[in-house]
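We just call them A, B, C, D, E and F in the order they show up, numbering each chain from 1.
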Amino acid sequence: MYQLGIVKRNIVRADPAAVGKLAAFGAATVHEAMGRVGLMQPYMRPIYTGAHLCGTAVTVLLHPGDNWMMHVAAEQLQPGDVVVAACTADNSDGFFGDLLATSFRARGALGLVIDGGCRDVKDLTAMGFPVWSKAISAKGTIKATLGSVNVRVVCAGAEVNPGDVVVADDDGVVVVPAAMAMKVADAAAAREANEAAKRAKLAAGVLGLDMYDMRGPLEKAGLKYID
Amino acid sequence: MYQLGIVKRNIVRADPAAVGKLAAFGAATVHEAMGRVGLMQPYMRPIYTGAHLCGTAVTVLLHPGDNWMMHVAAEQLQPGDVVVAACTADNSDGFFGDLLATSFRARGALGLVIDGGCRDVKDLTAMGFPVWSKAISAKGTIKATLGSVNVRVVCAGAEVNPGDVVVADDDGVVVVPAAMAMKVADAAAAREANEAAKRAKLAAGVLGLDMYDMRGPLEKAGLKYID
Amino acid sequence: MYQLGIVKRNIVRADPAAVGKLAAFGAATVHEAMGRVGLMQPYMRPIYTGAHLCGTAVTVLLHPGDNWMMHVAAEQLQPGDVVVAACTADNSDGFFGDLLATSFRARGALGLVIDGGCRDVKDLTAMGFPVWSKAISAKGTIKATLGSVNVRVVCAGAEVNPGDVVVADDDGVVVVPAAMAMKVADAAAAREANEAAKRAKLAAGVLGLDMYDMRGPLEKAGLKYID
Amino acid sequence: MYQLGIVKRNIVRADPAAVGKLAAFGAATVHEAMGRVGLMQPYMRPIYTGAHLCGTAVTVLLHPGDNWMMHVAAEQLQPGDVVVAACTADNSDGFFGDLLATSFRARGALGLVIDGGCRDVKDLTAMGFPVWSKAISAKGTIKATLGSVNVRVVCAGAEVNPGDVVVADDDGVVVVPAAMAMKVADAAAAREANEAAKRAKLAAGVLGLDMYDMRGPLEKAGLKYID
Amino acid sequence: MYQLGIVKRNIVRADPAAVGKLAAFGAATVHEAMGRVGLMQPYMRPIYTGAHLCGTAVTVLLHPGDNWMMHVAAEQLQPGDVVVAACTADNSDGFFGDLLATSFRARGALGLVIDGGCRDVKDLTAMGFPVWSKAISAKGTIKATLGSVNVRVVCAGAEVNPGDVVVADDDGVVVVPAAMAMKVADAAAAREANEAAKRAKLAAGVLGLDMYDMRGPLEKAGLKYID
Amino acid sequence: MYQLGIVKRNIVRADPAAVGKLAAFGAATVHEAMGRVGLMQPYMRPIYTGAHLCGTAVTVLLHPGDNWMMHVAAEQLQPGDVVVAACTADNSDGFFGDLLATSFRARGALGLVIDGGCRDVKDLTAMGFPVWSKAISAKGTIKATLGSVNVRVVCAGAEVNPGDVVVADDDGVVVVPAAMAMKVADAAAAREANEAAKRAKLAAGVLGLDMYDMRGPLEKAGLKYID
């Protein structure tokens, strides 16, 4: 459970077909399709606007001010992975910069989600390597203490297991358990299909009050119109 | 005063001529013209850079995690309105997304100011529908509890009455009481006229110390120059 | 030490050659070259993306809600200076806007670092006048109380002496004591030279584990690989 | 509305009988009796445990770092009043200490609610003069800028009109509009009477599930029990 | 995994012998014995000083502003349990007060740990019913939306499984996985035994530098003494 | 200036006579006597109510999550000293507990001021060993990285030099530069003498408006009384 000093090499990644399907949707849609769970705290923000990512989690457990495990994680990466880094304490140091991004990308990683700080954001933006973090900080880190790679972690309030699907965009970061990935993808697709028709109606001036049949329930709840 | 379950249909909107005049100014200028009151807390930030808005307030009082009243508000909107949404408790959920924006725009609304979270920011940015919020969050909301529409609310620390003028840009959100709108617009115009001349002088190297005759007061206050 | 009501006219600015050398590096590199000290808190953010600045500090000590000393500071500015403004209490008011920026620029200043709020960010962005601040706020300030200019200040957690070098970019703000400027510039240059080779190796797929010879130390620390 | 430089001398205080009745209840009960509105933000904390207060509001509008209006307010106090101090900007300076408390008490005031900082908390505690504030800070303030006394203010997110009833205890601060005071007092009494019986049942082991008849609605909502 | 609308009735509680052993230690000691993991965020504070608790977790997943599931949880409580309540979004409402505490206590529960707000703190303190929460707020909640009971939750950054041991005191809240409880209890005992001797030495003036043999490593790391 | 890996053995402590004089005053009085500078941020809070301390600073510069230097500092302590610990990054870990307190006390130290976390607060309270910290956290720290002892540090926004006088109580923490200690002590004494007379007048019902002759300046500033 809470394991320090462990690197798990063989993890079960979510079904690639499900990951591919989920990649078509944004974080808000996937979050709804999940039943409104699995969302990281809203303090997790992308380092540049328009970033979007969908991949399988390789998890890292860090200690404050120490990024040693990030290098250990690099070796475990496969194309399509996303590194999800949690920290054993609240810390905004810059655990990650352009050198690690270069290494992660060379391994096929799509991006990083880190409950800590990030630096070299200009270079990362130029590389198009997306990072969601809770802070941007030039503060460097040391390499002294063991954490773990590919253990279950809590990142920005969300549980992440190695192999889970991570969907992130301007609205935030959602984690889809590997076993639920296809089901959630289907629910997201159904939701999205549904939304296009709604959007057209609303654009034409139809009110949500009528489209969703809310007038009755509102009256029953006691809503009063006054002049 | 504190009214739940109420929708006020007939509100007195600020004089359109005053709104039109105020639309020429930014939030900082209007705030100064108001005598440095009426500003929302600085945690209210636009979802994209360069957003600017000036319109009349339709107010909404929400409960945490519940956006039912947003649909009720849509029906009360008229062209040139701005929705100002307050919440009875601190909450950063994503109360608002692109579907509601489509509906609000179809009614002629100019934008949204919400003391809560917003989502679908990529779509809203593409639509050019400006939102000032305290958070961005993919977290959706339910539709279960009555709030109110067009009652006086406190939004991000500022009192807003239905019909007040809301001026918002990159610097923040200012609320101008409807009855003061023309007077504030005139004061803003006077201030702006005044600033052009000052800017030219300062650009030419004249010091504020001299332009504002500060040397005497500073000396009197005891300022000492040392080498 | 803590001096109010003082303006120091003659300050010793860092060696221009060192400032010129430091201007080639970002905040993260300089921070590393300093031995990981001298960084302001990460809440200090640039008002626009891509801002970069390297200059000599003219310091200002402000009181909350009062920007009188900013005008006093303007007279002390020389080409290549950066204004560093601290405040005697936590305050996010908009102490600085486009008029002061016009004045500072006319004196040759490169930008502002302020542990407080800033306004007119649209105009400042259009001017290309970079500001690092802890808040953006339309709230104006008065001119009533004496602070100081060119005394040692604590700004966003970092000590700044007049004449120190300030390096700021998207990653944050670092302060280099004047006396250390050349030494730090040399260390930064050495570091940067070193990084190009590392970046190439990592891009080619070499792991940090091997490049930095980490496998031995990790094993010694007890890291276990499991399947 | 937003008035600076104004002192209103004659205000209509809430009915003393209603204030007396409300004094029997805590903030949570009154807040419920209000329909869950009127509560200040939870960052407002008492300076000592066990403080409880119920009185009529004399409002003060302050500027950051300036407590001049507190002295102006003192003259407007009558026995049974509570000073409610708002600030035009976020500020945690120590606007209030034991000298002002001595003056306020001499006028018959019961305590202070301030959206800012407070100091001399040891003395205030010894005096038994309760203060709810958002910060404790030794930082003193100046007396330079006009605010107002007895205008409507927004304090910690709640609207307060002069003469409103303020109920505060360890759970927070609630504001009851003067016109609703008796009605709210009656509702609070009804609620409290109701609670004693519930408490006895729950203490005897009856479940809320049964006492509130929740099993049906929970089943209808889809709750599933698994083993 | 992320399950809404579920109540698990049969959970495996940690070995009572291990719980009994762990009850002798504080949160800091247990946290160290765990290898420095399992700690909730430090924003979780007891509502009164000196509170201490050690019991088995019954978990609750709440929605913001809704405490319906707390009543469902009551039925699942057994003597020695501790309710651990997580929330699907950041919310500081007062989910819990003296009536629920009366019910929980009647079932044998020892206390509550909630990543949200709590109210009636005066009554709870008088009852000696300990609560660790992130806020105190008089704001009440509704009963409208299904969460879950006895599913795995993330509470204040820590993963909690039903049946895990929760140790809480003035220093914070630590979660010990049920399967590790005895091993952690033994490690805590060993650590504590060890500390008594150290304390005596330090009290006698022996330096940690000598007691822990730090002088060599410090010198090797490059520490320099100057005069 | 920013020195890592340094321990300065011989520091110049403030004049004991001045320290003795300052010990008679609280933080608010000393802060005023300093001219309203030298105060740490208000997030620094005592771990128990009623703590009061006045002593000479031995400074420590820590890295996040690492308390190695605290042991190095112990050896430099003399009776009457106060340890002032700063950290190179924002960190709330529990750097300090009852073992270190036992060691510090054995050396004659009066207490600790730390811009980080503290643990074992129950034991520290029982010992009567006062600590002002920004957090309470059970999270332990490692001993791996060199910081410094007795270099100038920035702690919670205030500059502290070794040997400076630290005055702390329920209102916060003030730092008096050693060279100014006697002058500040005299100013504090004058202020306090002055306050007793004021307190008596205010208690007798004299208004601050009259006692401080504020009516003229208020009228001149434009204050209007309305009915």
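Basically, contacts are C-beta pairs under 8 Å (C-beta built on N, C-alpha and C of every residue); 3 or more make two chains touch, one makes a residue touch a chain.
The shown structure was predicted, so the numbers you read here are calculated from the model rather than taken from an experiment.
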item: Subunit F reached from subunit A - shortest hop count over touching chains; value: 1
item: Subunit A on subunit B, rotation in degrees - Cα superposition, rounded to nearest 5; value: 120
item: Whole-Å separation of chain centres (CA-atom averages), subunit A against subunit C; value: 31
item: Where subunit B and subunit E are represented by their mean Cα positions, the distance between them in whole Å; value: 42
item: Inter-centroid spacing, subunit F versus subunit C (mean Cα positions, whole Å); value: 27
item: Distance from subunit E to subunit C - Cα centre to Cα centre, in angstrom; value: 41
item: Contacts with 2+ other chains: residues of subunit B; value: 36, 39, 42, 88-90, 92, 137, 139, 145
item: Pairwise touch network: line, ring, star, complete, or other; value: other
item: Pairs of chains, among all present, that meet the touch criterion; value: A-B, A-C, A-E, A-F, B-C, B-D, B-E, C-D, C-F, D-E, D-F, E-F
item: Residues of subunit C defined as touching subunit B within the complex; value: 5-10, 48, 68, 70-72, 74-75, 92, 94, 97-100, 102-103, 105-107, 117, 119-122, 125, 135-140, 143, 145-146
item: Residues of subunit C that touch subunit D when the two form their complex; value: 63-66, 88-93, 137, 139, 142, 144-145
item: Residue ranges of subunit C in contact with subunit F within the complex; value: 1-2, 4, 34-39, 41-42, 88-90, 152, 154, 157-159, 177, 179-180
item: Residues of subunit B that touch subunit C when the two form their complex; value: 26-28, 30-32, 36, 39, 42, 45, 49-50, 169-172, 174, 195, 198-199, 202-205, 207-209, 212, 214, 218, 221-227
